[in-house]
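Going by the order they are written in, the chains are A, B and C; count residues from 1 in each one.
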């Protein structure tokens, strides 16, 4: 019953939305604009396969790969650093502060971070790396904190009780137990981040995204098609790599 | 390290009064065994002495000073000189034995050494020697989750040996070992105490081990000391009363009937006196 | 009895060293490629820009005119998300039916007409993959150049990319359910559509709606982000304010964004709980 009701409500609200937006379907489907759209679409085939452009695309792909990898790695360190207080291991006020910071970091979408980082660090891949790092630190930090909360504190407490400094007690007592889970989360997040890294360039943060933006701005749809294909291939490669790494680490264990 | 408990009481979170009132004095290098049935308060008492738990009433004095009044740094330094052996060894499963043992000196090593040891163990011969004393040297580079319960217990003991503390608090350190090995480990602990002047307090479930190795045995029942005597003065009646709630016969490591040292002596007037403080 | 001696050197030393070397070999070009240079964060120019921007962050811009503008943009974003999801469902539905094997008549009975079905199903499956693999913001960028700036590009971008996602999950839902009633109906001679409507659809409906609601919630977020490339709504407003380094406006818009996401999250959670 609920399903049918919500379906009905949705259809009505959708209708209202279309009306509110005033999308001129008539104009869009008119012969002239149809023709223009067709011309535009046709421009994508064939994709630009000149050696020079393929080389540039390869460079852009490597740049995007680097952005996603370094960004995710940086995020893992930052996330772990924030996860320890967020899991309550340094007291309640630290927990509240860390959780607030983590929420802030992950609530702002990567693209907004990218625009902010372009302001701070200038156009280029560094902005993209930082943007990914900041947003992902929030995501990973939260996941890491949950993992830490579910880890027995006894090993660390025992070490502290025999005089060990807090940080070392954590590294010797807790980290060995949670490493596999943390690595798994990080690798999984990398799969998301490669997609993001490809796209952050649209606001100037380097990599394939920036190439795509420029190609489209110059109305070189053929180049754009090549870049899009490169994006898809890159995502497929990283997905496979991440899955393989996770499997390999799961079996052997460090 | 001399220590003193002055009318200490301990109430745990949740309201249970683990220790009603205990007063105890140990000189430097003294060896003491605590026996009693499960739930008597042995573990809580040891945790209290190790400064893991704070007494609700009364005072703990280590080397004449109340550790809870020390600065954070001084307390940390003091804790580095106290070694605790836990019944369930707090060892991370994926850690290797060598790292687990070396962690005993984290309280004493300079920071750079502690961090460096994570990458490459800083003192392999030292760890090996400590493990050798509990007959486990060949498992030096194995992961802790590949060890049996008894082997893990021995790693916990080896860690404390490596730490070289001045006070050892052992909470049922050999409960998972077979009688021969248990005897050997308890013997090693006692040897550590006599050769290096280390104060040793061990809670033991097996009464025979306590009576065989320790010159002073304390019986703990429901958070109160019922006797504090050398083994020759301990009678059957005392032990039966101590373990009454748990079993008709006092527990031993090899589950054979207990042979009391006092049984070999001719009856002496006053030998069956209870409670001697 | 002699016992095997443990090695005198750490056996894990060599693999660890090798790993560390490999990590450095990968890290070095990575840092180069990303033009990693923390110094640029604190150089004079960026300090000026960031300072100017962050300095105006508080207080948020709360003038009546601006608030009205933000409110309108928020409504626009909601409308884009809703309209886009609607179109996505309309496109995904038939696609999911085509791809689903549970409606394959050739799988009932001893006929060997499998390959014809596959001939249609496989391209349809590939289409779904292509539609959903290209990020929606890329679709938005392409469509902005095709149909012009404004919400239309956003609506169609969501429609296209989400139809891929919805199509895939829809047909997975069909196949995960009990397919026997449908096959029984087809075995008794009813048409495919009727078999679906009576055999699969009623059971699958709550799950279908639940996932669609979740997708709508994602669409709200995506609509904001697509605005950065000109597809209308809150995102376009945010991009404008950022380009003008107006921190106050940006903080207002971000606050509105959080409220919007919270709202969508709440509605989505409510509905999905009611459907479960």
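In this section, a contact is a pair of C-beta atoms (placed from the backbone, for glycine too) under 8 Å apart; a residue touches a chain by one contact, two chains touch by 3 or more.
A quick note: this is a predicted structure, and the numbers were derived from the prediction, not measured.
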item: Chain whose averaged C-alpha position falls nearest the assembly-wide average; value: A
item: Remotest chain, chain C as reference, centres from CA atoms; value: B
item: Chain pair that, of all pairs, has the most C-beta pairs in contact; value: A-C
item: Length of the line joining the C-alpha centres of chain B and chain C, rounded to whole Å; value: 58
item: Distance between the centres, which are taken as Cα means, of chain B and chain A, whole angstrom; value: 51
item: Chain centre separation in whole Å, for chain C relative to chain A (CA means); value: 12
item: Chain C - residues contacting chain B, complex; value: 3-13, 16
item: Chain B-facing residues of chain A, complex; value: 152, 154-155, 157-165, 168-169, 171-177, 179-180, 253-254
item: Residue ranges of chain C in contact with chain A within the complex; value: 26-27, 29-31, 33-37, 40-41, 46, 49-50, 53, 75-76, 78-80, 82-83, 85-86, 133-135, 137-138, 141-142, 145-147, 151-152, 155, 205-206, 208-209, 212-213, 221, 224-225, 228-229, 232, 238-239, 242, 245, 254, 258, 261, 271, 274-275
item: Chain C partner contacts - residues on chain B that touch it in the complex; value: 96, 98, 119-121, 124, 128, 137-141
item: Residues of chain A touching chain C in the complex; value: 2-4, 6-7, 10-11, 13-14, 16-18, 20-21, 23-24, 28, 33, 36-37, 40-41, 62-63, 65-67, 69-71, 107-109, 111-112, 115-116, 119-122, 124-126, 128-130, 195, 198-199, 202-203, 206, 212-213, 216, 219, 224, 228, 231-232, 235
